[in-house]
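Naming follows writing order (A, B, C and D), and every chain is counted from residue 1.
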Amino acid sequence: MKKVINNAEQVVEEMLQGIVLAHPQYVKRVEGFDVIVRANAPVAGKVALVSGGGSGHEPSHGGFVGRGMLDGAVAGAVFTSPTPDQVYEAVKAVDSGKGVLLVIKNYTGDIMNFEMAAEMAEAENIKVAKVVVNDDVAVENSTWTTGRRGIAGTVFVHKIAGAKAETGASLEEVKAVADKVVANVRSMGMALSPCTVPAAGKPSFTLAEDEVEIGMGIHGEPGTHREAIGSADQTAAHLLDKILADMAPAAGDEVAVLVNGLGATPLMELYVVNRKVAEVLGGKGIQIAKTFVGNYMTSLEMAGFSITLLKLDAELKELLLAPADTPALVQF
Amino acid sequence: MKKVINNAEQVVEEMLQGIVLAHPQYVKRVEGFDVIVRANAPVAGKVALVSGGGSGHEPSHGGFVGRGMLDGAVAGAVFTSPTPDQVYEAVKAVDSGKGVLLVIKNYTGDIMNFEMAAEMAEAENIKVAKVVVNDDVAVENSTWTTGRRGIAGTVFVHKIAGAKAETGASLEEVKAVADKVVANVRSMGMALSPCTVPAAGKPSFTLAEDEVEIGMGIHGEPGTHREAIGSADQTAAHLLDKILADMAPAAGDEVAVLVNGLGATPLMELYVVNRKVAEVLGGKGIQIAKTFVGNYMTSLEMAGFSITLLKLDAELKELLLAPADTPALVQF
Amino acid sequence: MEVTRLNNRAIDLIGAVADAIVENKEFLTSLDAAIGDADHGINMARGVEAVRAKVTAAPGADIGALLKTTGMTLISTVGGASGPLYGTAFMRAAGAAQGKTELDGETVKQMLAAAIQGIKDRGKAARGEKTMLDALEPAFDAFVESLEAQKPLVDCLEAATEAARQGVAFTKTIIATKGRASYLGERSLGHQDPGATSSTILLATITDFCRKAQ
Amino acid sequence: MEVTRLNNRAIDLIGAVADAIVENKEFLTSLDAAIGDADHGINMARGVEAVRAKVTAAPGADIGALLKTTGMTLISTVGGASGPLYGTAFMRAAGAAQGKTELDGETVKQMLAAAIQGIKDRGKAARGEKTMLDALEPAFDAFVESLEAQKPLVDCLEAATEAARQGVAFTKTIIATKGRASYLGERSLGHQDPGATSSTILLATITDFCRKAQ
């Protein structure tokens, strides 16, 4: 394991300190907890958004704390859902009285921990609503699984529900638009190399020099299968096919695109992928309202990428294009 | 070599297509050339900035084309300075009549190619000025070298000279402030793993599992030496010491900080580094006006990071904090 | 058994459990790497170390209190799926052991039943889905059978542990339909469940401790 | 020699040079990996392929025109340090060969002198700094010596190539003070310079071609 860290046990703590030291204009720490919130939290008259999950997905989620996106982010141990008390502290720190929306990725652990936190908050008369993101089409959504995983599409939930909250909307309205994003967002990923959880000290899996993992999660979990590495165009087209098959957009539909790097894949390669994505969508008459290319939901130093499409309507589009001002996403 | 590409020969072309497809609101292609310029280039009444260099440093430089930073970027083959005709096309495409500043990183190849382009432009009566960035303190600046290399500090030149140009300043004024940035910016980097030039097909060097390269360039060039991997704090302190020894800032001085990822190093680790940087600077009474953490000047999929400090005066600070709107750096 | 003695013994038991988990940290993590996200051993070790520190500092007045501290500490330190599940299990067991300073077979049975019900309430899984329940439910059945056959508590625990072991082996033969491993489909076959394994380690350590303490 | 014949032969020579560089692409790149940025062979191969395509399509009326096309094509396709340097060298050599359709020793001497001066003007390096000049300058000296000794052109070229080879060997023994390798300081010792090597390959290929064409 070759990492720029001091020690595996302290890495989340030191990262959080580093984030707050880098971006004091955006965020502050909830002392004693692995929680960062907006520098001016709680923001009066606004529904607050809290997300989080295991660490190792940076800039998710702490990088998206700021105007137009999240109010607070909870950092669990690497790849491990944060505990309920931590989530509860975040909720308390950001609630202005208008209620708090929890943005949860669909993993058993995340759901249980956030649910317990919600119960704690409700016991203190804080209004809480939840949205569960499940955008990964790699695994069929069937009774045989716990439903789809939440991956990079989560960033669109942060962006759009965050923009909605900024308008002064009610908790029910913010939750409704978040649910609409979830209903319309689909992703799928592939990996060229594994990642190493610092405390584990060795890679979660190994791949041969000519092998890639298709449809893996963002925690080093194995995917649906392995195959020989193909060209960027082949791989992009394959992932996109799975997404489009599930989403079934029509010609004339408008989408947002996110070509997301998993950590170690250069922007150069992500742009090569985006070229193919744009070509395929163009060929089907699907309009691209906005494209994001970069590391938004990573998996430590994993090499690989995911593609996310979000089908837009007028409301989603307007909120997507609304301003945001956070450490990792700024938009005029 | 495991990369998400179609073929090594086409990777720059396809990347450029991907960039323009992703960010049509920001950039357009100069058809037939490996040049991207602002969507609304040339911008009337404004000195234009052109930078570039070998590809493989993304988001440098194409990602910084937009309001408040560059007007055009020229993409050479991977790690190879672009040719004069390409630079010349960029200059022609962005010049509004107020002149063009070339931002050049200090490498023999870059200097020669940009100089030849400048001669071509001057022959066509386009006013051209040049600034050569040489921020890397790894190598002593002596008669024994061709001077210091230009690395991540270049981004501060783009930002600050770009903001100055936006004020309507003259070419001489924009060049003056760019030179001031160069005089005050210092960087140094380290690598945990090498990178692979796509057309070369294998890594430029190899490192043992417990070995790091100190003071290497951003083209896979070997550095000053190798050593056993230390803790994040040790490594950060070592690089910072070299920078501070050269820069000699006094207590009370104000700086901007850039903790730059080389491509494959997770944000988590960069923030751990930033924690130490802030601690060391704090201990010396040096004020941090603004911190950037992320992949700004990369070296393909190299793992590692560099630290950049820029000593600020009132003018540099104001221009650093001025708005920017580019694919890779947006600031209100 | 007096409270002081209970405390000392209980702290020793918790120490033994913590040691066993820490010893198996890498093993559990490697099981999780195969079908999950390579953190189960790390999560559990973090939790049991926190519990050890907590109960050593303030053991509580009775077994119920001690288990409540254990459950709450697990909830606030483990995270992931196993944190809420084990945490809830110990909280529920605490309820069944409230005010007790000594345990008999019937109480232990109620504690186990409550713990398992807690896991089911929280995780909405059933036996056969390749989770810790595939160790714990057979263990409970075996415990009850031995108890009804009037066996001593230690023998009942021994039977439970043996059944849990078989449950772990069984998890190799089935596809996961709950938890992170469910995404793997057929690829989860042949791998034993990390949570079922840690449950079995817990049971085995408790059994061992009780036998030695006789 | 008629222009047509010149064109055919010149195109063949350029083809031979291109083949030699492409053959050595990986070798040159690996030399550059050791003390530079692992692109010299890639850069040169891209350049000579472009030149081959260009001169095959439109060879130009005389040797000067042909070399000018070569130089301009190198400038616009190679990039890096070697692009402007080799490009300038060929442009300057073109100047010395303007209007010529046949070459004699004196003309070749002037072409070499102009090319080397071009490299020095452009790169501001001198002999002994571990660059292509450490092959080219000794080559020039040897060429002139042979020419003054009234040797035939091919023998002069042969002597030049041999001196270039020794120059390459010499670059192993010195520290780079120009170009990318200069950042390495002592670490550049023991490695031969990629540009000196490609210069020698150029010379050797031309020599070989001329000997065979006799």
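Following the convention adopted for this analysis, a contact is a pair of C-beta atoms (placed from the backbone, for glycine too) under 8 Å apart; a residue touches a chain by one contact, two chains touch by 3 or more.
Since this is a predicted model, take the numbers as computed values, not measurements.
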Fill in: Between chain C and chain D, centroid-to-centroid distance (C-alpha), Å
76
Worksheet item: Which integer distance in Å separates the CA centroid of chain A from that of chain C?
Response: 32
Worksheet item: When the C-alpha atoms of chain A and chain B are each averaged to a single point, how far apart are the two points in Å?
Response: 28
Worksheet item: When the C-alpha atoms of chain B and chain C are each averaged to a single point, how far apart are the two points in Å?
Response: 54
Fill in: Touching two or more other chains - residues of chain B
none
Discussion item. Thinking of each chain as a vertex joined to the chains it touches, would you call that graph a line, ring, star, complete, or other?
Written reply: line
Worksheet item: Pairwise, which chains touch?
Response: A-B, A-C, B-D
Practice prompt. Would you mind writing out the residues of chain D in touch with chain B in their complex?
Written response: 29, 33-39, 42-43, 46, 75-85, 122-123, 175, 177-180, 182-185, 187
Discussion item. Using the touch definition from the top, list the residues of chain A that touch chain B in their complex.
Written reply: 2-7, 11, 14-19, 21-23, 55-56, 58-59, 63, 192-193, 209-210, 229, 231-233, 235, 257, 259, 263-275, 278, 288, 291-295, 298, 300-301, 303-305, 325, 327-328, 330-332
Discussion item. Under the stated contact criterion, what part of chain B meets chain D in this complex?
Written reply: 54, 76-86, 107-109, 112-113, 116, 138-139, 143-146, 149, 197, 199-200, 204-205, 217, 219-222, 224-225
